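Each chain carries a letter (A, B, C and D) given by its place in the written order, and its residues are counted from 1.
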Amino acid sequence: MASVNILSTKGLTKTYGGIDANMDVDFELQRGKVTALIGPNGAGKSTFVGMICGRISATRGEVFFEDQNISSMPAHKRIQLGIAYTFQITSVYAGLTLLENTAISARRRLGKDNVAVNAKALEVLERVGLADRAHQIAGDLSYGHQRVLEIALGLAQDPVLFILDEPTQGLAETEIDDFVDLINALSGDTTILLIEHNMDVVMRTADQITVLEFGKTLASGTPSEIHNNQAVQAAYLGTAVDA
Amino acid sequence: MTKNSLYSHCLHFGTIALLVALFFLLPAYHVGNLSRIMVLAVYAMGFNLLFGYTGLLSLGHALFFATGMYGLGMAMNTFGLPSELALIVGVVCAILVSTAIGLLALRTTGVAFMIVTLMFAQAGYLTVLYFGSYTRGDEGFVIQQAERIFAGVDITGETSRYFAALILFSIVFLLIAYLVRSPFGRTLVAIRENEERTKMLGYDTVRHKLLAVIISGSISGLAGAAYALLFGYVGATFATVQYSIFPLLWVLLGGAGTTLGPLIGVVFMFYLIDLSSELTQAYMLIAGVVLVLLTLFAPQGLAGEIRRKVFKWLP
Amino acid sequence: MDFGPHLLLASLEGAVTAAILALTAMGLSIVFGVMRVVNVAHGEFFMIGAVIAWAVASSFTGNPAIGFIAALIVAPLIAGIIAAVADKLILQRVNYDPDRTIVATIGLLYIIQQTALMTFGPDARPVTPPFNTRLSLPWFEIGESGFVMTWPWGLSTTSYKLFVIVAAIAVLTGLWVLMTRTKAGLIMRATQQDSETAQAFGVPVKRVYSYVFGLGAGLAAVGAVLVVPIQQAHYLMGHDPLLLSFIVVIIGGLGSLPGTVIAAILIGMSDGIISVFFSPTLAKIIATLVVALVLVFRPHGLLGKKV
Amino acid sequence: MSDKSIKDPTRRSALKLLGAGAGLAAASSFIPGISRFAHAEGAGPIKLGFQMHSTGIGASYGRWYDRTTQAAVARINEMGGINGREVVIVTEDDGTDPKRGAEVVEKFATQHNCDMVFGTLFSHVVYGSAPRAGELKIPYFVCSEGHHVASGALNRYSMQPGITDVRSQVQAMAPFIANNLGKKITMVYPDFAFGHDHRDYFTAAIEAQGGEVVASIAIPPTETSFTRYFPNIPRETEVLYHVMVGPAVLTFVKELGEFFGPQRPEIFGFLDSLEAVGLNTPGLEFLEGTYFWEGNPRHAQADQSEFDKSFRAAVGVNEMGASIDDPNDISTYSHMFSCWETLNVIKKGMEASGYKGPKDRQSLIEAVEAMTAFEHSDDHPQGAKVMNGKTHQVFGHQFISKVTNGKMVVEHTTSIEDGFYEDAVDYTTQSF
């Protein structure tokens, strides 16, 4: 029986030239849930998820995934375990078609089987509503569509854990609605870790919320617990939620 | 997709068939030229795999070409090995050298990668001169006609040389065509387009890049060995910077990241020099002007422009 | 020659190499830094400078200093104008695309080289130095009889070689003032940092690029004019300065001007000093490998920022 | 993008492509002599392919090789051509590059249908080209002075009947140096095969004379300044032997002067260093009183032969070895006579073998192999020579000159025998 937590960190710390971006973060991520990571700008959210998926090397501390210590694994090995990651700053293959984009993502797992790769690549485009643009060059898409493609790149990997760094940034209202639907449809099968500034999105999707401030965990809990947490109110949510 | 792969098969086998046909159609001089062009195109294809498909610009490929060349040449002349074994020695040397260079140079990226490969190649060139008592330095040495027999065939005749070059070209050409459509090749393209993204999709980009350097370097070395064997001369000229710049020029002219580009680039450059030198002594001037015009009006190279404007499926 | 004097001599020679290299590489570095393009024809601007220096100097009779000074003004100017025109006619039209710029500048290299061959001929041409006194250098050591000054055999330099070092320092200082203390420098630095923003603030980026390209070529030409009284003008002489400048620019850290100077000194001096310990060709091999390995283990150069 | 917008340019570009292809095919059919069939024998002019260093590092030599060649052919044609046929020169630039050199040989043989190829100077180009000449079975007459033909590294189709090779030249210098200049020698030479030949053959030759090479300093060819290598010259050196090539040689001499100042050893150099360079060039004052090997005295000597006079007049060179039109345009006098003499040997060979066309190429080679000696004459203005048919190499006199008041005055002329060495090869036993 797999444990409740799919991922946890112990004392994860990142120091940039003497400044702590993250300080001894202990964190647990529950299987099958949607967890939102929130906090003010510069709280160290992106650094933290960067250390989880191996993009950024930790100064010290440990990361466990499925009860396995993955702290010394390079990024691509962690991804191969089933962690998908979408960038905060859109990073798609701008010179290739959308279909090639998602096919590259799908091919890592499906390998030589071209038929399966293509089917998967089309399926995820369908799922995010970009199928009719499959043969366009990604760089020609609008910013919002590129964000959506970025998410599709993650989906094409059929991840166990899906880490999204500010996925709704720059999306239009209707696109945000689609995104929320997508996340809600995924939850259950896929564990989702979401960095999000849009509190509306957080409240509509998250089962759990963790608040980071000055590189440290300020609070963790269900949305309502966080909503009622005095410290969080004071430090971050302030009047925004009340208003 | 399947239609495209059919087209691409037609194109590749059609090209080979055309080269066979040209042997019977062209006058002797051009047959000789084409033998040489095909071997140089192998060199360009090796370079293209790294530059055109993986996005790594090496300015030191002459090192690999020369390694293959000297590996074969010295195995035959100094150690008296038969040409078949010597060819293997040449390629193995190229594999070893490209592995070492790959492990070191891939710690850098971008312009630093360019310069590091350039400097290793320069060190290689000077090494050839330094060991002049064995390599005969800049003068180089001749592999005697009598020894240039491969698998029982005297490859110094026009016909056998042409077909030896054609077989070599076809093998590498089809290999590259297969490779760039394989998952491995698609991953190289992904690395070229966006390395960070590719790594974060779970691909081992470091290993892929190293393999690309090794395959590219080995093909270049194979071309060098074949050049020495078919044309009977081994010399330090082939290790100079100029011979690192040539494949870049050929590939850019023909179309980087296309399977046919390297061949087109070599043909174009060869005949540009050859024909303009008949018109004037100042043929380099013409070559220079044509290069400038091409960059202005055919920015993606000849095959690249054809792909952009006519045949989108061109591999 | 004893070890000490030999080392001193090699260092002096290294300093002259470094001085010329610093000027030439600085031209490439500015172009690299501001425009982000690889100018393969940079060495040919060096050659143009040398060739014009010969043409100008040999058209004056009488005191060689007059011809030399005229060359020092005319050669960089012409090289700069040719470069600026090439920028306008070619590079601007390919939008400074990295790959296309490489091919275009290779084309430019052929054009310049062939033109020089046709107009100037294939022979090496010397320029008379404005002054050139051989200076024997003393050496000090503490021997059995105490502190002595000796005049070792062959330990010498020339007044002109010393002048080259001083002149290079002067030009580089002038350049530094230009870049840091003037409006032109400010504009160049702004364009280097972010050409789009600079454009938005009304900087005529295209024109700046033309000037920068011209300035880069002009600096190479200054280096060449200084070097022709020591070496000679020859239509194929652009090759080595190009390679060395490249290496210097990368080792120094892309677009870092102080880094470029430090790298030029490092490479010029190491080239000189390593030759004391090894046979000449072996010294070159070792120097090349050392520099390559520096880059392997410090990929962003000595003073380059991690991008 | 809609389908329609692509279609139109597609057709147009495709047509253009077709048009270009057709144009190319048409153009190639107009290029003369492209046919695979040999032209009718015995008719029309004799075509000699001249492999010229027009560009690249050998360009200074190439220009003068060209002038000498044109003058020699004009003279031959004036005298009635070869076997009654006019001689025409087909020139191709090899860029002083061995790869292009081989391509050019191919072009002479298969496109221009030349009867033979001649004129190469730089050794690496010779090495790169000779195998192709052998395979195409076209005589290849080199004017190079390299020790490649005689070393046996090439093939039966390669010959050097116009100029002595470097091994012989170097060996012939040793007695004079040991007896007149000194016995402790330091050699400075480029780290090229050419330099290594000097090192190996001179070291052996001077030891045979009781001398000794106390240091050999090989300079990397990419070098442009030299002072830092000079401290390696041992203090005990009596003679500095230098042989540098390429445009940096002026720097070399100048820096040598600055290094030694007033206390220099005897200096002996090969004039290869200063071919096409005037001795009055600023910085070369230092060479006053030093010695040079010369292949053919650049400055007309007091006892100048009639043959040298007419040779100079024909090529357009004055008594100072400069162009008649431009006194600053210095010739490559020590080497360029080889083109003249080679062409005259070709003429003799063709006449002796009754050469009619390419099928007589082998008998031409055999005819030259059968030659034994050339007399000092208008055909051989540099001097008398001995031809070794087995090694395909000619041997002649060498000159040692001293720079005296800016003029090179011949101090010693070696005997032809001084340059003899044991045969390394017998090409006549090789099959064609």
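What we mean here is this: contacts are C-beta pairs under 8 Å (C-beta built on N, C-alpha and C of every residue); 3 or more make two chains touch, one makes a residue touch a chain.
The model shown is predicted, which means the values in this text are computed figures rather than measured ones.
**Q** Looking at B-C and A-B, which one has the bigger number of contacting C-beta pairs?
**A** B-C
**Q** Among the chains, which is located farthest from chain D on the basis of C-alpha centroids?
**A** With centres defined by C-alpha atoms, farthest from chain D sits A.
**Q** Compute the distance, rounded to whole Å, between the mean C-alpha positions of chain B and chain D.
**A** 33
**Q** Just give me the whole-number Å value for how far the CA centre of chain A lies from that of chain B.
**A** 43
**Q** Report the inter-chain centroid distance for chain A and chain D in whole angstrom, where each centroid is the mean of the CA atoms.
**A** 73
**Q** Return the residues of chain B touching two or more other chains; collapse runs of consecutive numbers into ranges.
**A** Residues 126, 129-130, 284.
**Q** Would you pick out the residues of chain C that each touch at least 2 other chains?
**A** Residues 114, 117, 281, 284 of chain C touch two or more partner chains.
**Q** Classify the inter-chain contact topology: is it line, ring, star, complete, or other?
**A** other
**Q** Dump the list of chain pairs that touch, please.
**A** In this structure, the chains touch in these pairs: A-B, B-C, B-D, C-D.
**Q** Show me the residue ranges of chain D that touch chain C in the complex, using the header's touch definition.
**A** Residues of chain D touching chain C: 55-57, 59-60, 62-63, 191, 217-220, 222-225, 227-233, 235, 247-251, 254, 258-261, 263, 276-277, 281-283, 330.
**Q** Taking the touch rule as given, give the residues of chain B at its contact with chain D in the complex, in rising order.
**A** Residue positions touching the partner: 27-30, 32-33, 36, 126, 129-130, 132-133, 136-145, 156-157, 231-233, 235-238, 273-274, 277-278, 281, 283-284, 306, 309-310.
**Q** Show me the residue ranges of chain B that touch chain C in the complex, using the header's touch definition.
**A** Residues 104-105, 107-109, 111-112, 114-116, 118-120, 122-123, 126-127, 129-130, 241, 245, 248-249, 252-253, 256, 282, 284-285, 287-292, 294-296, 299 of chain B touch chain C in their complex.
**Q** Show me the residue ranges of chain C that touch chain B in the complex, using the header's touch definition.
**A** 38, 40, 90, 93-94, 97, 99-104, 106-115, 117-118, 239, 243, 246-247, 250-251, 254, 281-282, 284-285, 288-289, 291-293, 295-297, 299-301
**Q** How about chain C: which of its residues touch chain D in the complex?
**A** Interface residues on chain C, with respect to chain D: 1, 5-6, 9-10, 13-14, 16-17, 114, 117, 121-124, 126, 128, 134, 136, 153-154, 156-158, 230-232, 234-237, 240, 272, 275-276, 279-281, 284.
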